[in-house]
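Before I ask anything, here is the structure I am working with.
Residue numbering begins at 1 within each chain, and the chains themselves are lettered A, B, C and D in the order written.
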Amino acid sequence: MGQEITTSQLRKWLLAYAARIIENEAHLTKLDTAIGDADHGVNMRRGMSKLKERLKEEKQSEDVSSFLRSVAMTLISGIGGAAGPLYGTFFLRAATSPTNGSSIDLVQLTQMFRYGLDGLQQRGKAQADDKTMIDTMQPAVEAMEAALAAHQSPAVILAAARQAAHLGMKHTIEIEARKGRASYLGPHSIGHQDPGATSAYFLFETAAEVFTKTGAG
Amino acid sequence: MGQEITTSQLRKWLLAYAARIIENEAHLTKLDTAIGDADHGVNMRRGMSKLKERLKEEKQSEDVSSFLRSVAMTLISGIGGAAGPLYGTFFLRAATSPTNGSSIDLVQLTQMFRYGLDGLQQRGKAQADDKTMIDTMQPAVEAMEAALAAHQSPAVILAAARQAAHLGMKHTIEIEARKGRASYLGPHSIGHQDPGATSAYFLFETAAEVFTKTGAG
Amino acid sequence: MQSLVNQPGSAITQSLRGMALCHPDTIKVHFDPDYVERTAPCPSGKVAVISGSGSGHEPLPIGYVGLGMLDAACPGPIFTSPSPVQLMAAVHSADHGSGVLFIVKNYAGGVLNTELTIEMALQEGIDARYVLVNDDVAIPEVANRRGLGAATLACKIAGAAAESGYSLDATVNVTQRAVAASRSMGVGTNVNTLPRNGLGVNLADDSIELGVGIHGEPGEVRSVKQGMPEIVDLILPPILDDLPFAPRDRVLLLISGMGGTPPLELYLFSEAIHERMAAHQLRVERQLIGNYLTSLGRGGYTMTLMKLDDELLGLWDAPVHTPALHW
Amino acid sequence: MQSLVNQPGSAITQSLRGMALCHPDTIKVHFDPDYVERTAPCPSGKVAVISGSGSGHEPLPIGYVGLGMLDAACPGPIFTSPSPVQLMAAVHSADHGSGVLFIVKNYAGGVLNTELTIEMALQEGIDARYVLVNDDVAIPEVANRRGLGAATLACKIAGAAAESGYSLDATVNVTQRAVAASRSMGVGTNVNTLPRNGLGVNLADDSIELGVGIHGEPGEVRSVKQGMPEIVDLILPPILDDLPFAPRDRVLLLISGMGGTPPLELYLFSEAIHERMAAHQLRVERQLIGNYLTSLGRGGYTMTLMKLDDELLGLWDAPVHTPALHW
């Protein structure tokens, strides 16, 4: 577990995330058109443009907590809608997880995700199977924790998170929405993938890509 | 010129006119759609329904003037738009032309049309070639007057009126509107037949049909 | 749900009844013939001010009935002027011996029906006149210019003058001055259509219809790439040059939606107008923004400017208590 | 001309500036973060009342800023709630030490952003609360009910209470009572669509969308053969049975167009409602008819009933001076 992820690597991760979201703007909006109000892509792209601006200023040896807090504030002001305070709270709370100052190890990365997930869940009061981003994040964080407990390698831990996130995202197709705008559709929401679950998946996908490449080994 | 047209024959004429307009409601509205506000058929049908109601009460030996005045008031309240006061004034003024009490001869019928036309023209201030109902009525009345002066038979006088009205109506296709809503279109009004000129034509068409059949001989 | 409004006759009647039920303290509706009168008592010797209009332009004219504005109003069928029978009923209700002024938008039907009514009124010994509203600069020939937003302004000015005791002559004069000081133009934004018939072509997303009428009379289709400022630059010069309005003129600005325009878009339009007002050094002393002259549910707006003087400003500010204007 | 409203960002900013330019005596607009505050001075010790909302519902919320109603309001992007950064700017402008009340329509975004803002305000030692508006009976589960016309009513009641010196607790309580006494439902009449995307299907001429939302949330498509009375018979029972409203109840009736509804049609709707109000022996003590809660330019309307008591009636009648409500 000697691998350390620096603030600068977290920055790379979030830049990759921003790029992935911007590539997928139309896709996210299309998903939100089917069961929401057709703006999730627009909202996320607005937030990611602001995030990219913010991430341009690379401060020397910035500590992880204040970095995550500033990401949170950027997302809170930039995304809007329901997703803004949810992603914002995720990072606000992640910023309170233990660090080594300007880096975290894989245990701490897993804790960071756990803190973020718990914060998001307290904010939104959604449960698993309500057809929200929780359905992506909760299995992903649980998979990380399990892999960590099983002393897996960083690459395996991150791959497990990504795979669980993917399954969770796909699972939202099968279930009925009980939170957010899609809930107004009741059973008609079944058969459609949740937009927020999709944007949340990219968090784990890009984490696996960036941290495996830069950090593993 | 011994032919007398009684109030009851005038009633038959206007019943035939009302029926002809109602048959042609869609046609008149279509013409008004091209160069006006798409209601001439609706307006005329509304007026004709009221006129038919009014004409149901056949009063014994009603005199021509009061009959025509009551037709005028019915059209004024029933048609609306520009056509209502124009047709209304036509009959109001026609009601002041000379009669023999409860009948008129062909000289008086021609005078009746002339009085009506002059009144309508004073009301609307349109000239020939402004692309209005005047373009139907003025040549028709002039043709009646000419045929009368040439001592033609009633059937010929009425046929001349109908034919001149028809030519006048068709002539409106070629000219630019200078009165009414069609005038806003300027040169774009060319190529379309005027709706009011069309509804006015039916006055002469039905007069020729009804008075030739019932009165001639 | 086009069919709701298209039921001939009964929709107008029911909508009229609806308006009366929504404003029972202000207006009273009569049927067959259809007209609306104010409930507020009239000062003795007051000139009566009346306006008729085809329906589909609400709140005009019924929404302008009440203290300080119209004494009575008559709604015709959709886009079709009311009949002399209706107008005479309004005259009988509103005339108190000091004469009657009709406010008439310049469309053939309105003018002809009013002239016929005035002949009837004169035969009964009632002094009746009309003021023609013809503020639409989209029509080059002045004689053919249509009535737009200045109809609302004329009803307010005439009503305030009459309420404060102006004679018939004086009411006619000041109302004519108000119309002569007003210029307007319309812009259509969605469907190039006669709403009644569901005909017409959708405008492209970047196109407007310049100089459109309020009965579906077509305007000139223009593609607009720069958004609102470009639209305002198309309508403002014809308006300003026609009077003409000059720097430092005091003006009243009326911006009306056509019934299908989102408030968001109307304020967007207002912003571009205000910017240009400042650039032209026009002093916007008073303004009204909302649905004041509509064209059923079509998208679009009209802009009206009236050059103000102290008399017009005073009459504008005078109290008014109607369904649509209230101060 | 869909494109006019669709320019992301700048359309909102310009429309906001437009509204401020149209009502310079009443509101003042700030940008980046965007919020609007009243120009009227506040009585000392006054509780601050704030509301945020996605844009596209104008006049809500900006048109309700002013004396006797909101102290500040924040517009989000189209149909997207404003951010805590905007809401905190409004808090800093409006709070005078007596606490802050947010009026929040029950949509996930509005609630989540407000809750986050309240946490931030509490961290700064500012007492902040919110009242959730959830009057839409089209949603069976009470927890998911959306905010409709009661948002307008809540802003008025809360604003009047705060203006007259109610404490934060008392303002919260009476506003909650107002919401609890209110029920609404919406009807869409033209396009079954998300306006932003130009998607969606035109409704048939004889069809409506029952229980539609104000962000294009679909309702139930119903064919309506008998016109307005049939529509009112579809929405009234769910509204009346839910509170329930009982004969001889005093009620406030709010009828709002969705931005693309001709006034003629809105009065047609009103007529059918008034007829049923009489049949149910409900006493309509106060009413408001117009565009008060819109959904960009879509066709349709919402109807809201609030059961009145003397306190609510007094607060409703209290003076108000905002762009949209004024008495």
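In the analysis below, contacts are C-beta pairs under 8 Å (C-beta built on N, C-alpha and C of every residue); 3 or more make two chains touch, one makes a residue touch a chain.
What you see is a predicted model; the values in this text were computed from it and never measured.
Enquirer: Quick one: chain C and chain D, Cα centre-to-centre, how many Å?
Expert: It comes to 29 Å between the two C-alpha centres.
Enquirer: Using Cα averages as centroids, what's the distance between chain A and chain C in whole Å?
Expert: Whole-Å distance between the two chain centres: 56.
Enquirer: Quick check: how many Å separate the C-alpha centres of chain B and chain C?
Expert: 33
Enquirer: What is the shape of the graph in which nodes denote protein chains and edges denote touching chain pairs (line, ring, star, complete, other)?
Expert: line
Enquirer: For this structure, enumerate the chain pairs that meet the touch criterion.
Expert: The complete list of chain pairs in contact reads A-D, B-C, C-D.
Enquirer: Over in the complex, which chain C residues touch chain D? Could you list them?
Expert: Its residues touching chain D are 1-5, 7, 11-12, 14-19, 21-22, 55-56, 58-59, 63, 189-190, 198, 203, 205-208, 224, 227-228, 255, 259-272, 274, 287, 289, 291, 294, 296-297, 299, 326-327.
Enquirer: Inside the complex, what are the residues of chain A that reach chain D?
Expert: Checking each residue of chain A against chain D gives 29, 33, 37-39, 42-43, 46, 73, 76-86, 88-89, 123-124, 179-181, 183-185.
Enquirer: For the complex, which residues does chain D have touching chain A?
Expert: The touching residues are 8, 33, 54, 76-86, 107-109, 112-113, 115-116, 139, 144, 146, 194, 196-197, 199, 213, 215-218.
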